[in-house]
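Two complexes follow with chain A in common, the first pairing it with chain B and the second with chain C.
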Partner chain A sequence: MKNYTITKNNKILSFGLIAFGVVGIAYGFATDPTRTWASLLQSNFFLLAIALCGLFFYTFQFAAEAGWAAGILRVPLAMAQFLPHACVALLLIFIFGHHDLYHWTHAELYDKNSPHFDEILYGKKAFLNIPFFVIRLILYGIIWAGSAVLLRKYALEEDRVGGTENYWKTSKLSHVFLVLFAITSSTGAWDILMSVDAHWFSTLFGWYIFSGLFVTGLTVMGILTIYLKRNGYFPKVNENHIHDIGKYMFAFSIFWTYLWFSQFMLIWYANLPEEVAYYALRQEPELRPIFILNFVINFTIPFLVLMSRDSKRKENTVLVAGALMIIGHWLDVWLIVMPGIMGTHAHIGIIEIGATCFFAGLFLYVFFNSMSKTAVVPENHPMIEESYHFYL
Partner chain B sequence: MYEAPIREPLILGDKTNHDITEDICRPIEGKANKYWWWCFIVAVAALLWWVLCVAITVGEGIGVWGINNIVDWGWDITNFVWWVGIGHAGTLISAVLLLFRQKWRLSINRSAEAMTIFAVICAATFLLTHIGRPWLPYWLLPLPNQFGSLWVNFNSPLIWDTFAVTTYFTVSLVFWYTGLIPDFAVIRDRAKTSATKFWYGLLAFGWTGSSKNWQRFEEVSLVLAGISTPLVLSVHTIVSMDFATSVLPGWHATIFPPYFVAGAIFSGFAMVQTLLIITRKVLGLENYITTLHIDMMNRIILVTGSIVGIAYITEFFIAWYSGVEYESYCFINRATGYYWWAYASMMTCNVVSPQLFWFKKLRTNITFTFVLSIVVNIGMWFERFVIIVSSLHRAFVPSEWGTYHPSWVEVGIYVGSLGLFFTLFLLFARFFPVIAMSELKTIVKSSSTQAKREALKHGHSHVSHH
Partner chain C sequence: MSKYIFAVYNDEDVLMQNIKPLRSQGVRIKEVFSPFPIHGMDHLIGHKRTRIAICSFIYGAIGCLLAIWMTQYMMIADWPMDIGGKPSFAYYKNVPAFVPIIFESAVFCAAHGMVLTFYLRSKTLPGVTAFVPDKRMTDDRFIMQVECNDASKKADLTNLLLKHGAEEVKEYGK
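Here is the complex of A and B:
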């Protein structure tokens, strides 16, 4: 059983990104703290979502009793190991930055004698209040990070002793996680992202965020798998496996587009002031180009590039389309968070890129580190042979 | 393709290719038994009842229904959405499961596709009856003004519906028929009378079974699966938009499109269960439609039922969270108002009862599954009733408040549509192969009991080499 060896280049990349990120963030705090907090929230969520998708992919492979991906399962599992870090970071960002990030955390909004009294937020205070919010963030941390850590333990145990006992244990925990994920992926999206625009609401929001995080996570998983394969760690992973990951990227990009359209079209069509304000802001002249770009990249790139069978079987096409899709979904999260906090003054500059690099560097380091401690291929997985003999 | 030994077989009873042909063709080549005749008589009687009630509606106008100025949509639209929803599982089983390479679809896709076609036909009859003047059905289509009516309103989701349902019906029909061609050829080649040979030969489109035939067959199946998959989503999405594009509380919710789709798959699979549990018993197909198949479908019912449950709770929560008085009232009224019993039935049947499928014992229990599949479809009928009637009967101002009770004609049209559905399904089970036998034969070498035994033997010897 072969483990991954962290290379010098891995370290240079991870620490380089982190170092660049620290500079960007430091510059940000010196010049515009609100904008810096906002980009920290946005990039932390973006990487958290990727890690969470790793966990979702890993667990539903067990729930669906899928065999084809058995060989590459350690990739999403290692991605998920970033969850403990991401959840702690999220909590710290909230604790130290909540007044900058979340309008609803200001006490005077709930004081009936204050000129800032806000009747709508007053009505929501049973849900949107700091103690309950912190409790929820901690709960998400326990559920998400706890499952990631526990599932990794079972995987290590499976490497050590073999047999099917750990397969069934993993399967059981996967089902529990999936049920909790079905709830927390929605409530988490309301809390972390939707409450940035505290007046606004959309019943679809949780599922919309889920679709975006799933596409991004799948793409990252595909890219990391190709990277490991090119470095000789996956001798039995071939174009058929890449093809299947490509299919997932294609299918769920269309699913994302479907939900994007459903949410936008229904709000646009009904044109109710309390709902349409959200899109009206994002269609101001300063933000409109990104609003359009978001839809164009995330729909047309996967739709046109990944449509044919051949393109999904070529690693380079998947890499190029994947890189663009990651940028596209980064823009999607940017469009949700930044205008909600900064209005039309939202920008993309060294602060936003720095914050993302910081979390991306951290994510990569945790990923490579975790890969180096479990077997790269779970050779004791009961369906591993199916994954070896898989062709399309 | 290689299959892990941990997987259970999909074909029981050591069946060979020839056994499969014999078992599937027997009901078509033999005489119908008395169960079939009894079912058929009851179904046709209900169908005649439908004809009577539709005749009254057409003759008198929709004034014979219970709907009124306040609740102007009632059982008609409820039934339409219910039937369209049921029409979902067929295409899902054939298309989406084909794309996901789920081999257990092979024993059930034929009947599920047939169910889709018949359910969409039933849904279409409600469109015709509720437009009030069914002799002008072409008003649903975009025709030039010179034809004698106004150009249809393309801003209206009702016209989107016309396109979505007809596209869905056409593609489902083509998909179903394409799959039937090799099986018709089998019946043609086995035919004992010249009439049988002629008719099934006509249906088989000159299929020879050459490898070129099969290559084209597989390509067409894949292309149709690719086209059908977005269609599964689009049809019910557009049905949901009939409601969600309005500004009525309880109807205008952005979650409606995916939530309607999940609900449709949920009720569609429940109807497949109802039909297949009867079919496997009456036609003796227990070795092909096994408890594993039933278990798999129950898992999908569990997942989609839970998704629907999350959607219900999300709507309820966001109605409060929104701070919009009308929204909050609408949902409290649904749960505690005049139609509380409909809401309670919906919650019990759709959210609570499928959770019992967490237990493997219940998932693999045929009687329990049969009862629950009917419970789910009762629940899904109530879901549409709750959405439609409870939102309409308490709109923004008290002058828009009222109640609604169906007349016997409306009830008759609904019960009668079940007659139409079962008549068509029974005829299908009598004259068409209910299992895709030619395609099923492709997994005899990997997923039958004898193949599993061989693999196990091979596996043991393989291990002993180490």
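Here is the complex of A and C:
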């Protein structure tokens, strides 16, 4: 049973990213705290989504009793181990930065005698209030991070004793998690991202965020799988497995585009002031290039690059398309969070990139660390043979 | 035109296992008929990968362009429409309203074009007599269509097929 060994380069990369991130964040707090909180929220959510997708992918493989991915299952599981860290960071960001991040947390909005009294937010008070919000964040943390930790425990147990007992335990927990994920992925998206624009609402928002989360996570999973394969940890993962990951990336990019467009078109068509405010801001001259770029990268690149069978079977095209898609979906989250907080003063600079590097470095370190403690290939998984002989 | 004989198998695993040795002995397999799809069969009998995906892309692109032209002519040029209370009458400003139509048209053309191409290519257009070497191929038998141009070698080939798991070897329709 082969474990991953953390190389020197892994450490240099993760700690380098963290160090660069700390510098960026420190610079941010010294110059523009609001912008720094906003980019911390955005970066944290971006990486949290990737980890959450790892958990989602891992669990639905068990719910569907799918065999093809059995050999690479430890990659999404290790990705999910970032969830405890991300959930704690999210809670801290909310506790210390809520005044800058979420307009609805300001107390004077709910005071009927105050000139700032906001009738719309007053009506949403039953849902959007700080105690309930913190309870929800803790609840997400328990569900997401708790599942990730428990599933890892079962996986370690499976490595140790073998048999199918832990497979069925994992399967049971996976079913429970998937039901809870269906709810929490939507409500989490409303809480963490949509409440940035507390006056605005979109009924499609939960699904839209879920689709973006899924694409990003799959892409990261594909890239990490290829990385481990190239370092000789996956001797039996071949182009068929890469092809299937590529298919997922392609399909869910189209799904993301579908939801992005469905949300945009209905709001654009109906042209109701309270709905259109969200897009009107993001179509201001300062933000319009990014608004268009976001759509172009996240739709056109995967659509054209990953459409043919041959390109999905080549690691290099998957890597190139994947890298661009990660940038694209980073822009997508950026467009949701930053203009909502900063208005047209939202920029992409050292603060935003630094914050993302900080969380990315942390994510990579947690990933490699977790990978080094479980077997890279779950040799006691009952469907491992099926995965080896997967043919597409 | 090539002549063929048909080897009947009653188990797809036996059939799959024997294809490789048969092909290595120079037996040319044209086609395999089975009541259900057998995964990996086309690869085994040496069929090239289908190019229908390329056709599909071309049909989809045609459908896309067709709908772009159609919406431009109908909604902007011939009878300008006030879309969503935004009377801009410019195609690029109204294009979100046309995207669903463009999308549906691309899907429509790709799907129908693909079906027609498939029918034409496999010669199963409505009205054409179906190619059925043995009626049991729709029930529980697996039929391998083997090229046999040289009548003198037919007996040898038949023996070879029978040795490699075939239940019987027959000619078309008999």
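Note that the second predicted complex is superposed on the first by the 392 of 392 C-alpha atoms of A that agree within 3 Å, B and C clash if a C-alpha of one lies under 4 Å from a C-alpha of the other, contacts with A are read in each partner's own complex, and residues count from 1 in each chain.
As a working rule, a residue touches a chain if its C-beta (ideal position, glycine included) is under 8 Å from a C-beta of that chain, and two chains touch if they have at least 3 such contacts.
Given the structure is predicted, the values throughout are model-derived calculations rather than measurements.
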**Request:** Once the two structures are overlaid on chain A, check if chain B and chain C clash or fit side by side.
**Result:** clash
**Prompt:** Which partner does A:111 reach: the first (chain B), the second (chain C), both, or neither?
**Reply:** neither
**First (chain B), second (chain C), both or neither touched by A:203** = first
**Asked** For chain A, which side has the bigger count of touched residues, chain B or chain C?
**Response** B
**Message:** Taking the superposition on A as described, I'd like to know which of chain B and chain C A:269 touches: first, second, both or neither.
**Reply:** both
**Request:** Using the touch definition from the top, say if A:391 reaches chain B (first), chain C (second), both or neither.
**Result:** both
**Request:** State whether A:259 touches chain B only (first), chain C only (second), both chains, or neither.
**Result:** first
**Message:** Applying the document's definition of touch, where does A:127 land relative to chain B and chain C: first, second, both, or neither?
**Reply:** first
**Prompt:** When the two structures are overlaid on chain A, which partner does A:308 contact: first (chain B), second (chain C), both, or neither?
**Reply:** second
**Footprint overlap on chain A, where chain B in one structure and chain C in the other make contact** = 269-270, 391
**Fill in**
Within their complex, chain C touches chain A through residues 39-40, 49, 53, 57, 83-86, 96-97, 99-100
**Item:** chain A-facing residues of chain B, complex
**Value:** 1-4, 6-7, 99, 230, 233, 237, 241, 244-247, 252-258, 306-307, 310-311, 314-315, 318, 321-324
**Asked** So in the complex, which bits of chain A are touching chain B?
**Response** 65, 67, 119-120, 123-124, 127, 164, 179, 182-183, 186, 190, 199, 201-207, 247, 254, 258-259, 262-263, 266-267, 269-270, 272, 274, 382-383, 385-386, 388-391
**Prompt:** Tell me, which parts of chain A touch chain C in their complex?
**Reply:** 261, 264-265, 268-271, 307-309, 391
